[in-house]
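Two complexes are shown next, each including chain A; its partner changes from chain B in the first to chain C in the second.
And then the complex of A and B:
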């Protein structure tokens, strides 16, 4: 075929059309006993910093469990598509998943999860909103089909404040804590809990919002430095996090007193410079690295067999392990559902019963003991604080939860508002 | 009010403004030669930075080899863009040409991260993160160097427009038909302007990439660059220099003074307000020429 302008234009048009079609990877085909999970995620726009590694971890874990014979006799089928953080596309993907018999959907996007929440509740289709979506979805009595399955942002903030308190001799009275955050609903989310804790613990809270996506924070961090903080929390994602860290270093802040939410990974450290950020802290919901048994098993049974879903060097990164964590919890829900009703039928309600009965699950030491109940869809709110040592995040504490009374006051306040108004 | 903080914000703002101004200078360069406002300049900066990262990471080149190579690649891309896309638009309404550059911006913003990865990438120029203190005043080393390099390149641009080729470009800008009639190769002058503009965008992308990392968000620099170009005057390189300092200062001080009062978010409002106010009250900018058409 000659390379004419017509051919080039036709090819470009076909490529453009093809890019609009869903990227679908089914990890299991057909069969009577199949549990279908949909993963419409943002692979191309805003959440690109996490989606690829997170989803790689999920797929590798599911491949491993399918190879081992599935969960309770059920094979897991996964449909993956790209919603690009675009709500109409996400709704389309959700409806397609529903029509194809999916009983669980994991959109990994706060705006998408918020948009899908009323549908999921009405359709009785389980939706996982780990590290995204509404923090008040921890209240399973109001959000019976929405499952954060992980410490929400309020819990993360509460736990970090408790860590600061422990480090400062048991009191934060008179201390200054700066909260640097992206100026979006996600960035502002911890503020109610931080304000409540500031009143309770007697520290001074100073918030510094920056304009999304956070690629220029040069005027923010001099103000943080001049506020002479005892501790600094930064709350963003993607480029906002790497810029925040860089500016913190350039302003000479003590990295050992600078701390992030879950959204900080080895990849971010590569951008800033692995040796430039030694000491920085983060909230860790699961073990990172390749030490955990489940990661070792994936390396042997999946990656070693040439069936890995992505680059081998990403296995064991923070975000990869988050993906394994969530896949393990979802599949534990399937196992429990199969125990409760071995012959199904496989419906949203069937899986819901399984997810609501997850008890003291640790994914063989990858995550803290997690119990999901019809009341608590967060799973207990345990995590730990980890420190970047230039090579890996090393744990600074055991698994613990803190300030859950304050967190649940907020959860109930907002969930009751949702129950009343739907907002 | 903490005067040291204000002084620090002002100084950093000036250098940040100069870094923005370098990208604006590319917009002005094209406008001066072809009368087109290139709205793809932000995406060209992003593409230039991606090119450096790809050359350095994929081929194992040092930054100091990758950057000149990327400049050459981007110069060729700019020239090719003019030849393949822009030249075909001769005779079309200006709005169509502007739409073309918007289309190019959207296309590059989607395609480049799609091909080379959307996650933030490191672009290390070897600038230390260690702060520079002058008394109590902290100067941001990366911004200081970035602003200094930008200032140097903008001054070079001013000199360039007084060179023989620069005068040819100005002649093309003034009257293309008359330029043709005296033997000036108008198409070549415009193509070179696109090439040089792509090089300026690349340099800007590299400087900002070293500050924030390389990802799609580099294309957002367009808004700041446009605000500066409009305020300074779309056909004035000197205007770009002054307007860059004004915008940088205004943004930085607004963040320090207004953010605590209104709860944040004023930084981008400043650029938008400057565009609106300039177009309303001084459409040709501070230093731009007012075009008067004889009837």
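And then the complex of A and C:
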């Protein structure tokens, strides 16, 4: 076939029509005892390897549980697509998921989750917004169908400040804490909580915004050094994190007093240099590494059987384990839902009841005991601080939670505003 | 034969002046519009909410930009910001209690007022330099929205759009937003089709071709360049309001970044500069090719067991998309509208090939 206009146009038309086939197939298949979960995520634009590792963990865990016979008799069907952080594509993916009968959507993107929130609430379609989306969605009374299921950024910031306080002998009075953040809504999010804590604990908070995406932060970090911080928090995602660490090391900051949110992983350390960053701290929502029983089980039952969703060396990395954590929580929700109403029907409400009744769930030691209630969709806000030792992140504390009063003040402030104007 | 024309030219001025001169074209427009009207009752809701609605709204934006780029020959790399201003202004107006009809006008006026300030750069600079000036607008507007909590809506930077109605129809559910957008788009399309036949449209064309020449024949480039920016920004602002109310329902700064501006410029160029139909075709291609390609690759991977790694699975559609755009531009630099017009010209005289057109 030669490359003529006619062939190209015909080809394009046929391709466009053919792509609509899977929807029909999926609609036709809609058999019973299947719980559909849609995962439109950003594999290509901003989050890239973060999504790949996170999603790999989710899929491996779901594969394992399906092999074991599903959750409460229900098989989990996962639909993965790429929304590239582009909202029309994400909305299309969401609407497609809704048409296909999905009862849970996990977009793993803050802008997308924020945009989808009114739709999810209206359609009664559960949306997981782990480490993304609106922090005030922790308030389940206002956001009944939005589930962060993980410590939000306010909790992470509050917990880190508590750790600093413990390390400095129980008081932060007169200390200087620098907050280096990407200059986007996401980066500025912890500021109100940090300001409230600064007033309460008496430390001096200095914020240093850098322009997105954060490829160049060389102007910021010398200023941070001049501020002589007692502690430094850096808040970003993707490329900004590795650049921040590089600059922190270059400016001679004490790595043991530099700290990140959840978005720091072994892959970042490979970029900056595993030995250059020894001592750096991060917030950890779940155990990293391959020791937890779930990860061991995945290694034998899924990866060992050649059914792994991605490269084997990523198994047990931080983001992979986040994926396993969230998949475990989602599937625990399915299991609970099947307990409450064994015969379904599988709807958003059905799964919602299950997710809302997750109690003291630890995923066999992978995550801190997590309880989801209709009021608290964050799950208690527990985590721990981990230190990079050049090889792995080693825990510095036990699971704990801190400053939840300040966090919940902030949560209620924004959720009540949403309740007032969002309808 | 298909168009039932046998070389007879028009015998009356009023026939020559019609928007669609051939009966076949008129029928095609009527049928397509009728199909669009009944679409929510004919096809799956996904196609209405996920495809037709964004197609209509993005087409409105593309038409607004096309007036400036294709009509007046002024490049604009900050049109996303123009839409953003309209969206934010109208949503704030609605939150303050204004009805949607008025809020839309407020959005349009806000965009037009700010857009024309940056458009004033066009009085001094042209081409690439104007591109830089409008690019600056994009970044300044982005910056202001993100930095002022009163505009962006606090730390969550997500501003919910209040429930509203248009001419008594509550905008909720799947169908109402679609019909509201369709009605506004129809009005805008008629305006765009007619504007080129007015003295305003002709003056813009004169400025587009050569501004010295335009001023020699008595068209004031100062006035018409500013007017072009004003009208185009007004349309952009109204589109922003429609986008916020009918489609996004929550607005956040990232919806109006440079990506949107570039996407719109691409839509206008791929569709065909200066063509109204091209706007629709360009939007269809740029907006949906990535989605459709993604599903195709997904289909191939799932149904036919083509084993491709996750990374490639995610990036292959992007490669194909890039190739597709390059292919279209190589084969037909004048855009999709020209491809349509070629097909139409071929059919006009079919089955003959060399008849007078």
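Operating definition for what follows: the second predicted complex is superposed on the first by the 390 of 423 C-alpha atoms of A that agree within 3 Å, B and C clash if a C-alpha of one lies under 4 Å from a C-alpha of the other, contacts with A are read in each partner's own complex, and residues count from 1 in each chain.
Here, a residue touches a chain if its C-beta (ideal position, glycine included) is under 8 Å from a C-beta of that chain, and two chains touch if they have at least 3 such contacts.
Since we're looking at a predicted model, the values are computed, not measured.
Contact with neither chain B nor chain C is seen for A:397 once the two complexes are overlaid on the shared chain. Of the two partner chains, chain C is the only one touched by A:114; chain B is not. Residue contacts after overlaying the shared chain place A:226 against chain B, while chain C stays out of touching range. Judged by the touch definition given at the top, the superposed model places A:210 against chain B, while chain C stays out of reach.
Touch criterion met: A:44 reaches chain B and chain C at once. Counted by residues of chain A touched, the larger count belongs to C, out of chain B and chain C.
By the touch criterion defined above, A:183 reaches both chain B and chain C.
Of the two partner chains placed by the overlay, chain B and chain C both lie in contact with A:52. When the two complexes are overlaid on their common chain A, residue A:242 makes contact with chain B while staying clear of chain C.
The intersection of chain A residues touching chain B with those touching chain C, taken from the two complexes, comprises 44, 52, 183.
Interface residues of chain A facing chain C in the complex, by the touch rule stated above, are 5, 8-9, 12, 15-16, 18-23, 25, 43-44, 52, 55-56, 81-82, 84-89, 91-92, 95-96, 98-99, 111, 114-115, 117-119, 134-136, 183-185, 188-189, 191-192, 309-310, 414, 417-418, 421-423.
Across the complex, chain B meets chain A through its residues 2, 4-5, 8-9, 12-13, 16, 110, 113-114, 118-122, 124, 129-131, 138, 140-143, 208, 211-213, 215, 217-218, 220, 251-252, 255-256, 259, 263-265, 267-268. Those residues of chain C whose C-beta lies close enough to touch chain A in the complex are 44-46, 49-51, 54, 58, 95, 146, 152, 154-158, 160, 162-163, 247-250, 252-255, 259, 287-288, 290-296, 298-299, 302-303, 309-311, 313-315, 317-318, 324, 327, 331-332, 339. For chain A in complex with chain B, the residues that touch the partner chain are 44-45, 48-49, 52, 183, 207-211, 213, 215-216, 218-220, 222-223, 225-226, 238-239, 242-243, 246-247, 249-252, 267-268, 270-273, 276.
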